[in-house]
Amino acid sequence: MMRLPNLGKAKELAVSEWLNVDEPLQLENLQGKVIVLYAFQMLCPGCVSHGLPQIKKIQHAFANDDVQVLGIHTVFEHHQAMNPDALRAFAYEYRLDFPIAIDQPSKVGPIPETMMKYQLSGTPSLVVIDKDGYVRFQHLGIVDDLVIGHALGTLLTEQSNHVGSTIDDQKKIADEVSTEQGAIICNDDHCEVKR
Amino acid sequence: MMRLPNLGKAKELAVSEWLNVDEPLQLENLQGKVIVLYAFQMLCPGCVSHGLPQIKKIQHAFANDDVQVLGIHTVFEHHQAMNPDALRAFAYEYRLDFPIAIDQPSKVGPIPETMMKYQLSGTPSLVVIDKDGYVRFQHLGIVDDLVIGHALGTLLTEQSNHVGSTIDDQKKIADEVSTEQGAIICNDDHCEVKR
Amino acid sequence: MMRLPNLGKAKELAVSEWLNVDEPLQLENLQGKVIVLYAFQMLCPGCVSHGLPQIKKIQHAFANDDVQVLGIHTVFEHHQAMNPDALRAFAYEYRLDFPIAIDQPSKVGPIPETMMKYQLSGTPSLVVIDKDGYVRFQHLGIVDDLVIGHALGTLLTEQSNHVGSTIDDQKKIADEVSTEQGAIICNDDHCEVKR
Amino acid sequence: MMRLPNLGKAKELAVSEWLNVDEPLQLENLQGKVIVLYAFQMLCPGCVSHGLPQIKKIQHAFANDDVQVLGIHTVFEHHQAMNPDALRAFAYEYRLDFPIAIDQPSKVGPIPETMMKYQLSGTPSLVVIDKDGYVRFQHLGIVDDLVIGHALGTLLTEQSNHVGSTIDDQKKIADEVSTEQGAIICNDDHCEVKR
């Protein structure tokens, strides 16, 4: 079973618009909760078949005071087909009622800003953030329920107050995404930017 | 197991545009084959989770000389989000390579013309047409593989040349859809126009 | 999709005992029905996970006047653990209520008599017999519902009265099982006698 | 998501025979590990279809130094069909290679001794024991992977050395099983002793 190393402070999301919230959310204000951040695209087959049902299951299995589920729509292909109105129709049809952020489009390339910040290489990507605001798990593709359950049990049980340098850890996942888009490939598991 | 009554001559499709074909298709020119006509919407959850994988399975299990699989995109809600460009992106991501017709939008209401002609009440709807061009099975929602396999085995084995009145049969399925749109409801199985 | 060649007249079953019947059955007396003969072992994982649920589905999808489902318990390993009393407990727990024959144990080796007659190489094996008593499909391992549905639709629609030599067809499946038992290997799909 | 109350010190297992071990195991000697104790019967449909695949997944997902998976064959019906030799054949066919205890048959009734001690009301039952030897979760029937993952993440992260009275907690689950056997009912989820 995976360890959950400290991958660095979770960066604030860059969001052009929120769905299913009264007011914009800030990660900073959610400290004390474990956050499950789910990056998806509405036309990504693996997101629709596996990821979104799993996120709904997490949403309903845990109390919202313990675990905050957040979706982020990180569109890096077919931008026109996956515009905000289309996402709203999708969220309505698929009964998604958790907060969903629309990732801020980039001015310089197809990959949106939060996806760049978090160096996500495709969708679905799961990012789990601990009660102190540190990224502890980040994965492209399908993750088994047993693995996510273990991570959430671990992070909910840990004492707070992490300290110390996390710079080395951050470097480990760095430089995986650049603004220059390569080939994009989707399979049953995920959609990915290949470079 | 269902019987396969003659539900009347299959009406020609009203199509604004075709995907995955070199030239527009005509049902009339496909006589001699059994036709599986699959009406779907790209944002209909039951279509995506169950129907489209099943249609692909039929496409690959039967020789194209025996069974012709046809999709028809019968958009009756969220018309803007499910426009032709969005459908093309969807077909690309989901690896749909069988012929897909875009149902001709209606000038008088949200329900497109072929959907009206066939009196389909929602998506996914499966229509099976025999070698002589008669509708023999029509169903809204998920259909078991055993049922479709049985229907195709039956229709491929039958001798051609049906005769006799089919008017009464046609009436049995008539008047189920009108141009006045009522509430639209989607569940895990299908999306439906309720009146 | 498979063709359904004539694989020869179905041989009468050799049965030491029947479950779920008032009187012993004879294939000969079932002519006019399509017969689905399902050879299984109670400790064969593929039989339990895939085959038996499928057989139950066939049993309930088709009228008993059209399709006769028959199980045959062809024990070729762990004979003591799969004795008739154990099978009765198994059939009770798994709610099997279709007729089940216990294949007559052999006097000369581990493979029982009907399994030898039909030259079955393992379990689960599906044998489909047409209305005139000819074997038309025989397969070791899991079969897709679409394939079985197609076979049943075809055989229910065919006219009766097959004629002509079937000797060549029979030879095609001959000599696959001998009384000398080799290694037995089970995987998720089936258990097989390897020689 | 469930809390994991202290349900009392885990009682030592009463075992007539072990499979897949060199020497008999004692719970007492496993302290420091989280123990997943899985009570099953080889002819219980819910155990075979859901529980055993899940136990294998847990066995392979966690290091054996962290989580010890133990099976216990708690036969309370069809005792003859589920005898030790039959269990060995079953374990061989289903590739079960974790330690399996055979629950000590009772001298006074159909329910074996460990099943009585733990007051299990049927199979499959999952019992999770923490690093200090206390029962923290006990459940009849199918448990979601997300729930088990959460429990294991929690118990692996907790500090050791629980203290304090657990008597009240124990009473909550007491008196659910007696030596007088009532009706036994199996469904897709589990087999249960009804009283």
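In order of appearance the chains are A, B, C and D, and numbering begins at 1 in each one.
Throughout what follows, a contact is a pair of C-beta atoms (placed from the backbone, for glycine too) under 8 Å apart; a residue touches a chain by one contact, two chains touch by 3 or more.
Please read all numbers here as calculations on a predicted model, not as lab measurements.
Undergrad: What are the mutual neighbours of subunit A and subunit D in this structure?
TA: Common contact partners of subunit A and subunit D, which must touch each of the two, are absent.
Undergrad: Report same or different for the subunit C and subunit D interface, where same means the shared residue numbers exceed half of all residue numbers found there.
TA: Same residues, largely: of all residue numbers at this interface, over half are found in both copies.
Undergrad: As a test of understanding: of all chains, whose mean C-alpha position lies farthest from that of subunit B?
TA: D
Undergrad: Distance-wise, how many Å sit between the C-alpha centres of subunit C and subunit D, to the nearest whole number?
TA: 37
Undergrad: Quick one: subunit B and subunit D, Cα centre-to-centre, how many Å?
TA: 50
Undergrad: Give me the residues of subunit A that touch two or more other chains.
TA: none
Undergrad: Have a look at which chains touch which and call the overall pattern line, ring, star, complete or other.
TA: Per interface graph, the chains form a ring.
Undergrad: Looking at the whole structure, which two-chain pairs count as touching?
TA: Chain pairs that touch: A-B, A-D, B-C, C-D.
Undergrad: What residues on subunit A touch subunit D, complex-wise?
TA: 1, 57-58, 61-63, 66-67, 144-158
Undergrad: Can you list the subunit A residues touching subunit B in their complex?
TA: Residues of subunit A touching subunit B: 43-45, 48-49, 77-78, 80-82, 85-86, 88-90, 92-94, 186, 191.
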